[in-house]
Structures are given as structure tokens and as C-alpha cells.
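Pasting the structures here.
The following pair of complexes shares a single chain, subunit A, combined with subunit B in the former and subunit C in the latter.
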Partner chain A sequence: MMLPYELIILLSLLLLGYVFGRLAERRHYRSIQAREDQYRQLLVLAERHLPPEYVTSHESRLVMGNVVVSVDYFKMMIATLRNLVGGSIGAFESLLDRARREAILRMQEQAAALGTGVVIFNVKLETCRVSGDASRGVGSVEVMAYGTALYPRGNASR
Partner chain B sequence: MLISNLEIVPGMRVRRHLGLIQGSTVRAKHVGKDFMAGLKNIFGGELTGYTELMNESREAAMARLQEQATALGANAILNVRFATSTIAVGASEILVYGTAVELERMGV
Partner chain C sequence: MTPLPDGNPRVPEHINNPPQNALLEFGSLVAMVGLVMAALTLLLVLLAGFLAPHIPFRWEAAAVSDLPVSAPWPQADAALNQLADDLMASMDPPPAIPVQVRLIDMQIPNAFATLGGHVLITRGLLDSVTSENGLAMVLAHEIGHIQHRDPIAVLSRSAVIGLLWAAVTGGENFAMQTLFGQSGGLTALRFNRDMERRADQYALDMLAAHYGHVQGADEFFLAMVAHQNLAHQDAGRWQALFQSHPLTRERIKALQQALPAQGEAERRPLPPALQKLTRPEDH
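Right, the complex of A and B next:
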């Protein structure tokens, strides 16, 4: 029996998405964990108020990090099916989790360049859909993290 | 120009508030990048082209913000916020806004 042409394409897209998407996700999580260990000392706080001792000894600077990640075909299909019955879409949750952690890591990277003893205050996260085709739902999503890095006055400015 | 998303700057004090200022850009990606993104939508992963594009647009928006601040005679922008929205297919707006202030160093 000959399979219809469309079905073959759909199945191969699903397979490609599943295999490559899974590989990419696993690789990304490994790299995120490694870098999170590396930046463990660099505090990231949502706190808006500076401790008094920082006011006299530190300088401040805006730091930010962003990333645009894309869903794969398999995840998109899972989400479409999930839409029928409702409930949480794990495939998208892990995507956003990765994107957020990546954005924070990039912000930390920028802050780390300011030297030692850096703390990032008032961190805000922002998420936005960036997709070529709005009718197809989530194509890709941008996450941006920004905050103010406080570094000891002795560190090289700029 | 000092840019911060806190309300205070260590070691400095606000002498004058100069009001809300903003800078924005609307950017679209070119067809080649959109095509690559289409492929990536099958395999998943980071869209490096878009990440760079958003970064560039954000820098452009911040440059406009700083222009406005300079025109007002400010030397710092405090409480800066970013906002992004998709306004049309393949185009997004990036907005940066904050308070322009004139700071002076506190006698420590």
C-alpha cells in the first residue's frame, strides 16, 4: 500500500523534530547547568533596595541578556493535541525554562566582565513571542533578562 | 550616560528630575533569516540571527533614549524598563523608557 505523500512528509517532520529537538534540548540543559555552576557566586536578586554599605562603595551599570529559542515540529504537534483536551503543555514549559535560564546566564556573563564582587539587583524578566507567522501559534519566543549590576568602585569602570 | 533600572545610583544624589523619556524601534527580519527560522521551527534550538537582531534593535532604541536624555541636559537615566511587542507579522517593536535625571556626586 502506498502512503499518501502528505502523510510521509508529516511523519518525517515529526521524526526530525523529535530526534533533533530532543538532542538540542539535552545539549542545551547540559550547557546551562555547567554555566550555572560557574556563575554560582554571582548573585542575581529581584531586590530593589540596596544595602547601605553598597551605596558608598559600589558603582552601578545596566546589564542584560537575551535569547530567542524556537520550538521544534514535534513540540508544536504535542501542543496542538494538548489544546484539544487542555492541561499543561510540558513541551513548552521546558522551552521557556531553558530560554529564561539562558537569558539570565547571558546577563550574568555580561556582569562577570565587570570583575569580582558583582551583584545584580532588580532583575526583570520579559517574554515576547517573535514569530514569522502569527497564525501558526508559538514559533519562537524571546526572553530577556535585565538588571543593574553593582560592582566595587575599585574595579575597572566600563 | 549612566543607565540603571534602580531608583538610586550609589554615591550620587538626584539634583533635578527631567521627566519620562523613551526610545523605540520597529524592526523586521529579512527573508533569508525568516527562512532559516522556518527551518529551525522543525529542528528546534536557538535562533541566533533573531537574538542578534533583537540585540541590535535594543541598542538602537537605547541610543534614541540617550539622545533624548542628552537633549534635556540629563546625565543619567534611572528606572529603565524594556517592553517588546509583536505589532505585525514578522515585525516587532522594542520600547525602552525611563526617567531622565541630573545627578550630582554626594560628598562622601
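Right, the complex of A and C next:
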């Protein structure tokens, strides 16, 4: 029996989404963990109040990291089905976890350019859908991390 | 303020991104949603089947005032309508819903019953029957569909199924419709076959009432099978027809079992107006 061509297209898209989405996710997590180790000492804090001794010895600068991630077809299908029955959408949880950590890493990368002894205070995260509409599920999501980097006064800064 | 930490903590991976088997989740979701959708579809199909015949026919007729196809052979139409009226008048009691027959210029042998009590007969069908009895069988079959209110039942069913899909998928979700739409199609086809069987039985009763026998009832179906065997290289053109009128062989078997073993009863020739069709003037 011949499968209807719509079903073939659908299954190919699902397979494509599943295989490539999974590969990309694994690779991304490995990269995230390696870079988090690299920036282990570049402190990222949600603390809003600066330590008094920093006020005289440090200068401040806004740093931010920004990432846009897209949902693959497989994740979108799972989410669409999940929308009907309710419950947590695990496929999106890992996606957004990656996006948040990647955004923080990019912010740290920017802060690292300010030299040694940098601490980022008052870190905040913003999330925003940038494509796709509510009826068709999430298309792409932007996550932005920003904070105030304090770096020693002597550091050469550009 | 507390002293600053020595470094950023290592994130425990299993909290914000718990391990999961996405394929298993997908499979169970499809099964769950599929089951519910199948149950809802079945319920709506049954409801539509029960309720649609109770829609007053004059509402249906008012909605479909006239056919949007031309009538190239008015005299043949008159002969066909006469035959339909004679067939209906032979039933006791005569059927309640008036039927209008029209001959259309199409080479593929076919007949349709549509909304508003309209029956369309193609030119090709007239070529594939040899007697009035063979034509009457097809006509009576379509009259049966109309008396059973099958056209509006089919329409109501596809309307409620369409509404259900639209409600669940948000209107235009290609993936969801593809994933679950297939099962809906199969259900619809099965019910159609029931309608076909019922219309066949109705037509046999009508033929028996009108002619006193049912000889010639299988004429059209035999011609269809001959076409089917001939037309393998021409399959695309015939495919749609066989899908909407399935089980031709099975129906022939049922029809031939209904034929009496009393030998060849007399078959009437086609009415003169239907024997020689002049092509409508081409412009």
C-alpha cells in the first residue's frame, strides 16, 4: 500500500527534526559545559547591591549576551500535542535551559574582555518570542542576559 | 553584604533539564490524542448520521435551488425524469422526496445523487447500459440515496468532522491534520459503503416493483468491471470513481444472487430520446 504523500512529508520532517535536533542539543550541551568551566571564576551574581569596597576601586559597565534559538519540527509537534492534554513540555525546557545558559556565557565572554577580576552583578534574563504566533506554537525564542560588570580601575578597557 | 563566592557553581543538569525519552513521550501523546479524536469523530459521525435525515427536505431544497451545470439535452432529461417518476410511482407508498434528473456531458460513466434531490447522469453512463432496466437500476440506486437522505448525511458528517479538526488544531495545522486526518477518512469511507449497500437494496426493490423482475440490474456494474480490467493503463482517470463506488465485484455478486433463476425476463430497450444523443453544439 502506498502511503499518502502528506504522511511521508510529515514523517520525514519529524525524523529530520528528531535526529538533527538531538545531535545539535548534545553538541550544544557539551560546548556549554566546557565554556562554563572556562568562566568558572568570572562571577555572575543576581545581587543588586555592590560591595562598598568595589565602589572606589572598580569601574562599571553594562554587559549583555543574546541568543535566538529555534524549535525543531519534532519539538513543535510534541508541544502541539502537549497543548491538547496539558503537562510540562520537556522538549521546550531543555531548549530554554540551553538558551539561558548560552546567553549568560555570551555575557561572560563580553565581560572577560574587560580583563581579570571582573564580577557581573545584578544579572537579569529576558525572554521574547521573535517568530511564529500563538496558534502555531513557538517558532524562535530570544533570550537575553544582561548585568553590570565591575572591573578593576587599572584594567585597560576599550 | 555576604562575601563573594569563589566561583560560579556547577549547574546540576537534572533539575532544569530532566532526562526524558522524547520518542516515548511523542508516542504516548499521539496514542492518547488519537484515541480521543477517534472517539469524538465516531460520536460526531454517528450523530450526524442520525440527525441529518431529520433535516426537513425543503430546507435542503431551498439551500440548493438549482444545479450549476448546464442541461445540454432537454429531451433526454425529460425522458430520464419520466423514468424516475414511473419508478417512484411503482413503489407503495411512493417515496416522499421529489427527484430531478439531469444528463450531463461527461464521458466517464457515472451517476451522482446530490443535495436538493438532484440526480446527475453522465453521457458515458448511457453508453454503458444496453437496456432501460440497466439504466433504471442506476437511477433507482441514486433515488435510494436521495430517499435515505445520504447526500445531506455525508455533507453534515464532513462538516462536523471539519469543525472538530478546526477546533482541535486551530484551523490550519497541516501536521496535526495529516497525523490524525487519515483515520477520519477511513471511517467516512466505511459508512459510505453501508449507504451504497442500502441504496442497492432499495433499487432492487424498486426494479422488482416496476418491472416485476430485476433482470438487467447488473448491467452497469458489469460494464464497470470490464472498464476496470481494460483501463489499467488509464488507471488515474478511473481511480476516483472506483474509490467513491467501491466493492463493485462484491455488489455484482449480491445483485446476481438477487436475480431470479427464471431465465431471461424481457428487458426493455432504452427510451428513444436516450438512444441517440446528438452532441450539444460546440461553440
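Simple rule for what comes next: the second predicted complex is superposed on the first by the 154 of 158 C-alpha atoms of A that agree within 3 Å, B and C clash if a C-alpha of one lies under 4 Å from a C-alpha of the other, contacts with A are read in each partner's own complex, and residues count from 1 in each chain.
Everything that follows uses one rule, which is that a residue touches a chain if its C-beta (ideal position, glycine included) is under 8 Å from a C-beta of that chain, and two chains touch if they have at least 3 such contacts.
Predicted model, so just to flag it, every value in this text is computed and none were measured.
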item: Clash-or-fit label for the pair subunit B, subunit C on subunit A; value: fit
item: Of subunit B and subunit C, the chain that contacts the larger number of subunit A residues; value: B
item: Touched partner set for A:E93, first subunit B, second subunit C, both or neither; value: second
item: Which superposed partner A:S60 touches (first subunit B, second subunit C, both, neither); value: first
item: First, second, both or neither for A:S140, with subunit B first and subunit C second; value: first
item: Partner chain in contact with A:L125 - subunit B first, subunit C second, else both or neither; value: neither
item: Contacts of A:V44 with subunit B and subunit C, given as first, second, both or neither; value: second
item: Degrees between the directions from subunit A toward subunit B and toward subunit C, using C-alpha centres, nearest 10; value: 110
item: Which of subunit B and subunit C A:A112 touches, first, second, both or neither; value: neither
item: Which superposed partner A:V85 touches (first subunit B, second subunit C, both, neither); value: second
item: After superposition on chain A, the shortest CA separation from subunit B to subunit C (Å); value: 12
item: Residues of subunit A at both interfaces, subunit B in one complex, subunit C in the other; value: 13, 73, 76
item: Residues of subunit A touching subunit C in the complex; value: 4, 6-7, 9-10, 13, 18, 22, 29, 36, 39-45, 47, 49, 51, 73-74, 76-78, 80-82, 84-85, 90-91, 93-94, 97-98, 101, 119, 135-136
item: Subunit A - residues contacting subunit B, complex; value: 13, 16-17, 20-21, 24-25, 28, 48, 50, 54-62, 64, 66-73, 75-76, 102, 121-122, 124, 126, 128-134, 139-140, 142, 144, 146-148, 150, 153
item: Complex interface listing, subunit B residues touching subunit A; value: 2-11, 29, 34, 37-38, 40-47, 50-51, 54-55, 58, 80-86, 89-90, 92, 108
item: Touch list for subunit C against partner subunit A, complex; value: 1, 4-8, 10-11, 13, 16-18, 20, 22-23, 25-26, 29-30, 32-33, 168, 170-171, 173-176, 178-179, 182
